[in-house]
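Chain IDs A, B and C follow the sequence of writing; residue 1 opens each chain.
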Amino acid sequence: MNLLEFARGPVIHWALIILVAGTIWRLLGVLILTRGADLSRPRDAFGNFKGYRTVFSRAWPSGEFTVATRYQTIMAYFFHFATLIVVIGITPHIEFITSLTGYSWPALPNAVGVAVGTIALVSLIALIGRRLSMPKIYCSNIGDYVTWVLVATPLITGLLAFAHLGARYETMLAIHILSVAALFVWFPFSKLMHSFWFIFSRAQSGLSYAHKGVRI
Amino acid sequence: MSTPATITPIFPTFEQVCQGFGSQIGMLREMAPKPTHSAEVRVARAIDTLIAETNADEAVWLESCIHCGQCTTACHFFQATGETKYAPMRKMELYRRIYQREIGPFRWWYQLITSPIKLQDLEDLQELVYDSCSECGRCTMVCPMGIDTASLVHHLRSALVAAELVPPELSALREEQRHRGTVFGASSDTLLQMVKTISEHYGVEIPVDKASAEVMVLSSAVDLVANGNGLLATAKVMNHLGVDWTVCTDGFESANFGLLSGDMTLWRRQVEPIVAAAQRIGAKTLVIAECGHAYPALRWNPMLKSEDLPFDMVFMSEYMGRMAKEGRLRLSPLKGKITFHDPCKTGRRGGAFDEPRAVLKAMDADLVELPANREYNWCCGGGAGIFLLERATRLRDESFKIKLNQVNATGASMVVVSCASCRLNFEVGRVKNHWDKEVASLVELVADHLIEPPAAATAGAHA
Amino acid sequence: MAHNSTLGELLRSQGVSRRAFLKFCTTTASVMALPATLVPVMADALEQVRRPSVIWLSFQECTGCTEALTRSHAPTLENLIFNFISLDYHHALQAASGRAAEAAREEAMRENAGKYLLLVDGSIPTVKAYSTIAGISNLDMLMDSAPNAAAIIAVGTCAAYGGLPMAAPNPTSAVSVSDLIKDKPIINIPGCPPIPLAMTGVLAHYLTLGTLPALDALGRPLAFYGDTIHDRCYRRPFYDRGLFAKTFDDEGARKGWCLYKLGCKGPVAYNACANVKWNQGVSFPIQSGHGCIGCCEPGFWDNGGIYESIARGQFGTGPQMGVAGMVGAGVGAGAALLARSKKERAAAAHRAAE
């Protein structure tokens, strides 16, 4: 079995299993905990309901924080959107998802995929640069750095494979798939779970503030 | 009614109040109780308390921090010092470790790879959750994950209470309130004495212990033992409004050192007599003195099912604001440019933004909003008991400068505040920085600008 | 077979002019991507060479490799056999049969010990009974012939990597030549079948230079197996622009768009089909509208479906993921419920402590 077969075979198989099992384990393990009870009367009858708004409004920093957080917010959005576009927009990825789910959609031209992937990588580098240069603000721990490496590696190896640069294609592809598997395995046990948590944590704060009549 | 101009003021100015307070606070440190249990017991109790209070609500916040650092732009303690330990997200680190080890979904793994909590960890935490967090909630405004750090800090304080790690000043006051129900030596006798003084010297009547009344008004130890002008102003305003009001000697203390220290049991115990008194007299409204944390202690008390209660709980500025909107406050114009500082506990963490502004509008005030105002307001740095901590002096002083610059930027000559902690902090800051701005309390400002109807009507208004 | 004359003598005796001879050397050099300066060297060497003995062993094979060889066009098979090598044993091409054929083989091996070229096609079953020749198992015949060979050329994917017989479940326990022989130089010329020119070109290289050509990590001559089909494919611009045929008769197929989505393994298949092509340069599978099946790669029969693109892996199924999800849900819910009772105990302890 060569490296590519190994990567596409048992490695990605088990990585997906760990990803699915671990994510649901962590989600339910937290969400099935008790709920706090705030017995005080809300400021107005719809107060609690309005709190869900925060899940969406928090997508952009508001009011007086716009300027201070602008650079990081923009870089982070570039990274997230560019990565998303690459993950669901280039032909090999769509083929992969089709084989898992049956759904398919038109793909981006390869050159666009490479361009967007480059944007993703550049913004990711910008973010780590900022993290490294401002340690007092970021309070980084080892998890932050491991996460960065495990996110950057699929991007870099994917770009190299997709653009047919670097090692031989089947080797580069195998390394790319192995790095994706590593990311999948790391995902449920790391801060990457914020991709789910943000909904709940924003909603929870939104509710508790809306209870008092404050929009956050 | 005799006008203030003809009466010699007998109560100290607020600057004098601050000075007196300072020495009283100094004595508190000596009175703080020493820890009595072993380190193991203290750690175990802290952990038990913390996880008993940790629900899915807290867990999703603990899970979702991504170390993006944006909270540091909002926190006055971090901005004033630039020191990484004051970054808001650092307050969660120990909490997260305890949560992950005790009730997190992967706790068996974390118990393997992380070290158990030691008393030293809790001792190191003390500064982060008492000295350098006023639970102002400003970091929550900027966090992309919307983490409510202030609530998490509150639970951490609760844990430190169980670990006998409350800072000395707060610990002493907590002990006093636990045993005597009041603080700074204030008692129902002090209240009655103050009422008598106000009546005799100023001719302002304060109804005490009426069998029934529409409005029950709370005072606070600060007003009773130091700032008599506070109670005086309150009485003038209530009498001007002509409402059926009273204070009760069995339920008059706004200050809640259970909330301030993190002692949930004491918090609940302090609230009970107030609620009982209000129910007994059939009050429809409970008015809380200008004491910031008293608002969440009562109005936003999560342990009290307030919709079952027959009365509304409002903050002083909120009450006056309602009255102003109804046109019942007749006020002479306020001269000069002013700005308003929303107390964190009644503004961002309380929701009463509009009412104080309605009061200022009723005074035709030339109000210039602070550059960061309402829910984005900068904390003054003295809330949540920090004003009482001598250890936190540098932190308070440095972060106050942010507030100072904010006020200066408005070009106002006076800043109006509506919370005793804020006011004390502003006043001390004003003196230390030789600041040329005035600091005024909203209720005292209102009392000074009341337009009284002719004597015949006022006679009937007195209880 | 006249083994004693040199090649030069033989050619001259057959009326092949010096000019034609040099032309042959030039063609061979260019096909093997050797520099032009080597041509005189090749010519001198060839002059002197004695036609080597070549023994061709056919094991578990389909004869496709031989069939392909007959279509070689430079040099042609006839050219090869009659002018350059002494093909002393080949089941399909030899005149002799039975005991006479085996005797010829044994004599050639004895006379040319240490110098003959062993060509093998077909895989070798390690369960000996599955394939025998004249009562001798393939395994034994290979192990007998290999020690005295100068070099072994494994022709076709079966000999090079096991090929079809080795595909799951490998009923005959078939293996490749390099699985069995570890101490001889082996050139693999995979393909199902290999490109004829690859076979003859390698032979010509060996004959003229006496050395094995440069090989890649899988033992394949770089001259023919150095690039992927993908890198030389004329449909590459369509791949780059993201224009793919989705079925074999849609608009994309008719317009000759890339066949990646129809399972073309071009990106991971190293061979010369896209530039050298087949049938003397007429066409190759992709040009005919069918994706490359990667037949020159080890294990290609087991590497997923022929019509499944490279990106569609062989990594498990939806139902397994569903099971994983349910296991996770169960464990997570269990963890939370246990945590809830732990919280209650902690709350009770907290109350007791007060």
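Convention: contacts are C-beta pairs under 8 Å (C-beta built on N, C-alpha and C of every residue); 3 or more make two chains touch, one makes a residue touch a chain.
Note that the structure is a prediction, hence the values are computed from the model and not measured.
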Closest chain to the centre of mass proxy, which here is the mean CA position: A
Chain pair, B-C or A-C, that carries the greater number of C-beta contacts: A-C
Distance from the mean Cα position of subunit B to that of subunit A, given in whole angstrom: 40
Approximate Å spacing (C-alpha centroids) for the pair subunit B, subunit C: 82
Computed distance of Cα centres, subunit C from subunit A, in Å: 43
Shared-contact residues (touching 2 or more other chains) in subunit A: 25-26, 28-34
Residues of subunit B engaged with two or more neighbouring chains: 54, 103-106
Where subunit C touches two or more other chains at once, by residue number: 332, 335-336, 339, 343
Subunit A to subunit B touching residues, read off their complex: 25-26, 28-41, 43, 54, 58, 61-65, 68-69, 72-73, 76, 131, 134-141, 144, 189, 191, 193-194, 197-198, 200-206, 208-209, 211-216
Subunit C residues touching subunit A - in the complex, by the definition given at the top: 228, 230-231, 239-242, 244, 260-261, 267-268, 298-299, 303-304, 308-316, 318, 320-321, 324-325, 327-329, 331-333, 335-337, 339-340, 343
Sites on subunit A touched by subunit C in the complex: 1-2, 4-5, 8-10, 12-13, 16-18, 20-34, 91-93, 95-96, 98-101, 107-111, 164, 169-170, 173, 177
Subunit C - residues contacting subunit B, complex: 332, 335-336, 339, 342-343, 346-347, 349-350, 353-354
Interface residues, subunit B side, partner subunit C - complex: 44-45, 47-49, 51-52, 54, 102-107, 162, 265
